[in-house]
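This is the structure I want to talk about, given as structure tokens.
Note that the chains are named A, B, C and D in the order they appear, and that numbering of residues resets to 1 at the start of each chain.
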Amino acid sequence: MSIQPSNPAPPFNVVRCSHVELGVADLERSRAYYVDALGLIETEQVGDTLYLRGLEERNHHSFVLVESREATCRRMGFKLGSEADLDRAEAFFRQKLLPTEWGEKHAQGRTLHVRDPFGMPLEFYYTMDQCDSCMQLYGRYQGAHIQRFDHFNCFSPDVQGTYDFYAGELGFRLTEYTATEDTPEQLWAVWMHRKGNVHDLALTNGYGPRLHHVGVWVPGALNIIHMCDVLATTGWLQAIERGPGRHGISNAFFLYLRDPDGHRTELFTSDYLTVDPDLTPIRWALRDARRQTLWGHAAPRSWFEQGTHFAGAEIRPPVVEAQPIVAP
Amino acid sequence: MSIQPSNPAPPFNVVRCSHVELGVADLERSRAYYVDALGLIETEQVGDTLYLRGLEERNHHSFVLVESREATCRRMGFKLGSEADLDRAEAFFRQKLLPTEWGEKHAQGRTLHVRDPFGMPLEFYYTMDQCDSCMQLYGRYQGAHIQRFDHFNCFSPDVQGTYDFYAGELGFRLTEYTATEDTPEQLWAVWMHRKGNVHDLALTNGYGPRLHHVGVWVPGALNIIHMCDVLATTGWLQAIERGPGRHGISNAFFLYLRDPDGHRTELFTSDYLTVDPDLTPIRWALRDARRQTLWGHAAPRSWFEQGTHFAGAEIRPPVVEAQPIVAP
Amino acid sequence: MSIQPSNPAPPFNVVRCSHVELGVADLERSRAYYVDALGLIETEQVGDTLYLRGLEERNHHSFVLVESREATCRRMGFKLGSEADLDRAEAFFRQKLLPTEWGEKHAQGRTLHVRDPFGMPLEFYYTMDQCDSCMQLYGRYQGAHIQRFDHFNCFSPDVQGTYDFYAGELGFRLTEYTATEDTPEQLWAVWMHRKGNVHDLALTNGYGPRLHHVGVWVPGALNIIHMCDVLATTGWLQAIERGPGRHGISNAFFLYLRDPDGHRTELFTSDYLTVDPDLTPIRWALRDARRQTLWGHAAPRSWFEQGTHFAGAEIRPPVVEAQPIVAP
Amino acid sequence: MSIQPSNPAPPFNVVRCSHVELGVADLERSRAYYVDALGLIETEQVGDTLYLRGLEERNHHSFVLVESREATCRRMGFKLGSEADLDRAEAFFRQKLLPTEWGEKHAQGRTLHVRDPFGMPLEFYYTMDQCDSCMQLYGRYQGAHIQRFDHFNCFSPDVQGTYDFYAGELGFRLTEYTATEDTPEQLWAVWMHRKGNVHDLALTNGYGPRLHHVGVWVPGALNIIHMCDVLATTGWLQAIERGPGRHGISNAFFLYLRDPDGHRTELFTSDYLTVDPDLTPIRWALRDARRQTLWGHAAPRSWFEQGTHFAGAEIRPPVVEAQPIVAP
């Protein structure tokens, strides 16, 4: 296991994770879920594509839902620091002989489509159309009062290798990680950030690459409690997969939901500031149950096993065999 | 001053305060305020009258808004324990030579209209049409999440005399009171209940009788904070008159609002259980500023001086001259 | 099944449930749990007995913990309306040929010990020594901010018969109940009150009589979330048995805890006002999983099966065989 | 007025504001306030100096309280990105002919003392001794559950000039600002950040330089409500100066407190993420009362006029004469 420090001078500047593009079977049904139930703001619908954002977000979209036969994750979107960073990103991926393509995206500036060495489809951009913040339009607050996009969490068949790429090359910074009890110990999961909280991208050992969930930030635990009550009494009971609870890792108060196509969303709050360059990552043992949940509740098997496929990505079995303790 | 115990065997059984009937100038404007902003449930509109209730209330109405030239309080409604109590109430008021009349009220059973010895118009009933509780229809929760009607608070020109009537005759029980520093000290304000929390009816020394406010119960302080944010950003900023804050008396976390006609509503939470028959009333000195607010904020002059007139009630100056400390 | 109305003129007036007396193996360990962790106020220790109360309670005690070889529930305490009610209670139980005895209790006035027809040990009193309320001593708020004792919940081998006694004779009022799918349907569980919220006493079909739990009232869901975090990180993780969650029945936001002797406590909030004499009880089908939990979480087997024995009470199997759905 | 963009390539990298060093008259009294009442964690006392930190902070200190005859702010501390940044900072300030000095500080690595062109005393460092995070030691949570140091807010006699220095040279990024109604309009107040939320440093037009307040971040509004209750009932009522309320600027839910020496602390929550390099600053008109408070409450005169002097800094009158609307 190596938790080498992140590259202090990455080839291009990733500001933060920014948005996700998901295939959904029925746009109306997805709107009912994401907008009417969860309370995301609908920016607009263009053809078969629905653009949503959180209450504080001025970016045109953080969720892009495309009506499609395949319920895949089509792109994980990251904002770069400048137009020049886009060009530097293209050069970097080309030099690695990885696929790159300039995409045309509604309401975004120049957009670079790439695939990382493990098959995950990414898109990079610098500018996006700006909308009004709804942060002080309190009359529009609904559902979970989702403020903003927070992070991606992916199953990875090679956590060490993927970590080495994102931290060692792209400058993602490690905040917390899980190590196995093997000799030598192996890296089993990592939480990495660019924007200054616990993560923009987390990786967990498993069949992959697959998207485990996207996380959205909500102001507090009561927003999540109320969301449970609303979901349970408006026909969305089945959406509740796990929680509410407290993760040991990241200190998050969490709720995991499944949308009508099975895509998982985490309502997430109460992590911490991580901008210090000398922040020491927190190590958790794979066998430490508090890692998953401070309060001792078991997660359902689906949470450990199911995830969203990435469009066009081949799935491989995990390199590491160690498994967490799952409640019976 | 006398805080004689309440009559343990009152002539008829008042279960609780139940509803208020208010004259309003513009029904649409009042609906926009009470339903769209505050989040009360609209049961129905019948002609020029709007019937509203709280989320947990199965009674057809706790707010009756009648479009009218006069922005008065037309009735304070109390639920009695049985039909027989209604007849006993009629006999009691007649024997006192006070006005009584059997009223016809939409969605209520037999209703007795009376006026107390100080001119306040009351109505008594036993049964009301029942509606669905919205308590577990969480998708309908809006605004302040108002659960139920809680209390009346009135200016009284004769707090001692009015107390003697409601406690000494009708069996209202004292929970807290304010006394002056006069020699002998005089009763300046009282909080009296029937239903088991701090009050169904409070009286404060002042020009009256007038309605100071009706109180509605909300689950917690965060509902009130959110209500402030919503009112301030949806065109209702002027509705906020005082608070949020913490009363010493009753321990209430409060917010005082004025509706479009000036009727005052208190959003109220966090008082305590008072069913014990031997509960000792809590005494507050008029000069103790913590009585009004634990945190030291001054109330605006309007809060001390303005109130809703009762239809047909003559207003008299207060018997007691002592005044609370008002911040400059 | 019969859900006959409660006796409107009971032989004596039960004001509310008031306190519990529990045998505990180690008083220091129990103090560490109830006082240091949960935040109950310690009124005093007298010999091998610890007296605790909630923040708003002026009564000397609502928890009486007696160091003892047997971890039993020794008494369920109820407050009566007057000294005369005590004498009426004695006459009533004697006439039923049920055991009665005048007990000597620290800090209580005259106390009557009885056993109900099903073997549950009760004590009745009218006056208790009064202490300062800690409601506005916010510096003493700790743990879950427990405000007051709320209810008893018992396993009963004969829910119908026990209901008939408490409602039909003693005037407890039904608020919610569970019925089986048998033909004819049978009463499976009941929630009955005297004080004006959902319950003072609940009964669930099962081996009994046994105490399932005592409920204490807390202001809101965040107090419960914080309590989970505190318990999980101060060595009390094992105390968390079930929750936090939302019951369909009573609308309670709940957390179930086990003390060091296995006695179960429910942290409870967000039920509703029930003082209306014509309140219609809410019926739940035994097969309706929302009854137990609105959010779809299974309760652990221990929660369905384990309880505290009553001192001196023989345990019998339940009359009704129907069982709720238990998650695998 | 010029709100020129911040320098994208500043001479040295300021990571974030980090700590404050305050003179206090009585260390015991200050400990009673900051530790016992507010709930900051005491790292250690060394001689006449007390070192405190927030619950999530692993840095040794964010508050340094020095028993002293003068109740001044001795230093505003900022963390730099590396040791090399310290040397670059020294070179930069020297080249500006501003005072620099290598200070010896307990529990910090190399520390550079400088004074900005307006007389404000700063200190820069890269490494600080690390302590355990108390974030998951929930048994230690007290008072307002303060998580971390958030920002400095200063009176400035020359907001435009000071802004030009911090943004135009040091790379602080503007998030919100207030402009006068003069022709041409003038910059009246600015909020600037380095760490990714609304501010590390804010400046308000006024006699200065003086420290208006330091802000600390708390999880939510209920922590602030509870803090008010605790302060008001434990002898610290006079500490409450303004709030709780909601600022229009930054969307902060706030409470302003004065410590025993008059130093002002803001309990602060609910601002937003600002890492996007193309974030458009929000403009507020000086006459817009919502800027100060969304709910319409007036701030007391003391809040506009009083502040902590910086040790050794001469105070000058403000360049801009425009004044905000102050409630009568």
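The criterion applied here is as follows: a residue touches a chain if its C-beta (ideal position, glycine included) is under 8 Å from a C-beta of that chain, and two chains touch if they have at least 3 such contacts.
Model, not experiment: these values are computed from the prediction.
*Asks:* In contact with subunit B and with subunit D at once: which chains are those? Just list them.
*Replies:* The common neighbours are A, C.
*Asks:* Name the chain whose C-alpha centroid is most distant from the C-alpha centroid of subunit D.
*Replies:* C
*Asks:* Counting C-beta pairs in contact, which chain pair has more, C-D or A-C?
*Replies:* Per the contact counts, A-C leads.
*Asks:* Which whole number of Å gives the spacing of the CA centres of subunit C and subunit D?
*Replies:* 50
*Asks:* Averaging only over C-alpha atoms, locate the centres of subunit B and subunit C and give their separation in whole Å.
*Replies:* 32
*Asks:* Quick one: report the Å distance separating subunit A from subunit C, using the average Cα coordinate of each chain.
*Replies:* Distance between chain centres, rounded to whole Å: 44 Å.
*Asks:* What are the residue numbers in subunit A that touch two or more other chains?
*Replies:* 136, 220, 222, 229, 232-233, 294
*Asks:* Would you pull the subunit B residues touching subunit C in the complex into a rising list?
*Replies:* Interface residues on the subunit B side: 15-16, 56, 58-59, 79, 81-82, 126-127, 130, 133, 135-136, 147-148, 195-196, 219-220, 248, 251, 270, 272-273, 275-280, 294.
*Asks:* Which of the residues in subunit C come into contact with subunit D in the complex?
*Replies:* Against subunit D, subunit C makes touches at 136-139, 141, 222, 226, 229-230, 232-234.
*Asks:* Mind listing the subunit B positions that touch subunit D in their complex?
*Replies:* 220-222, 225, 228-229, 231-233, 237-238, 240, 244, 246, 253, 290, 294-296
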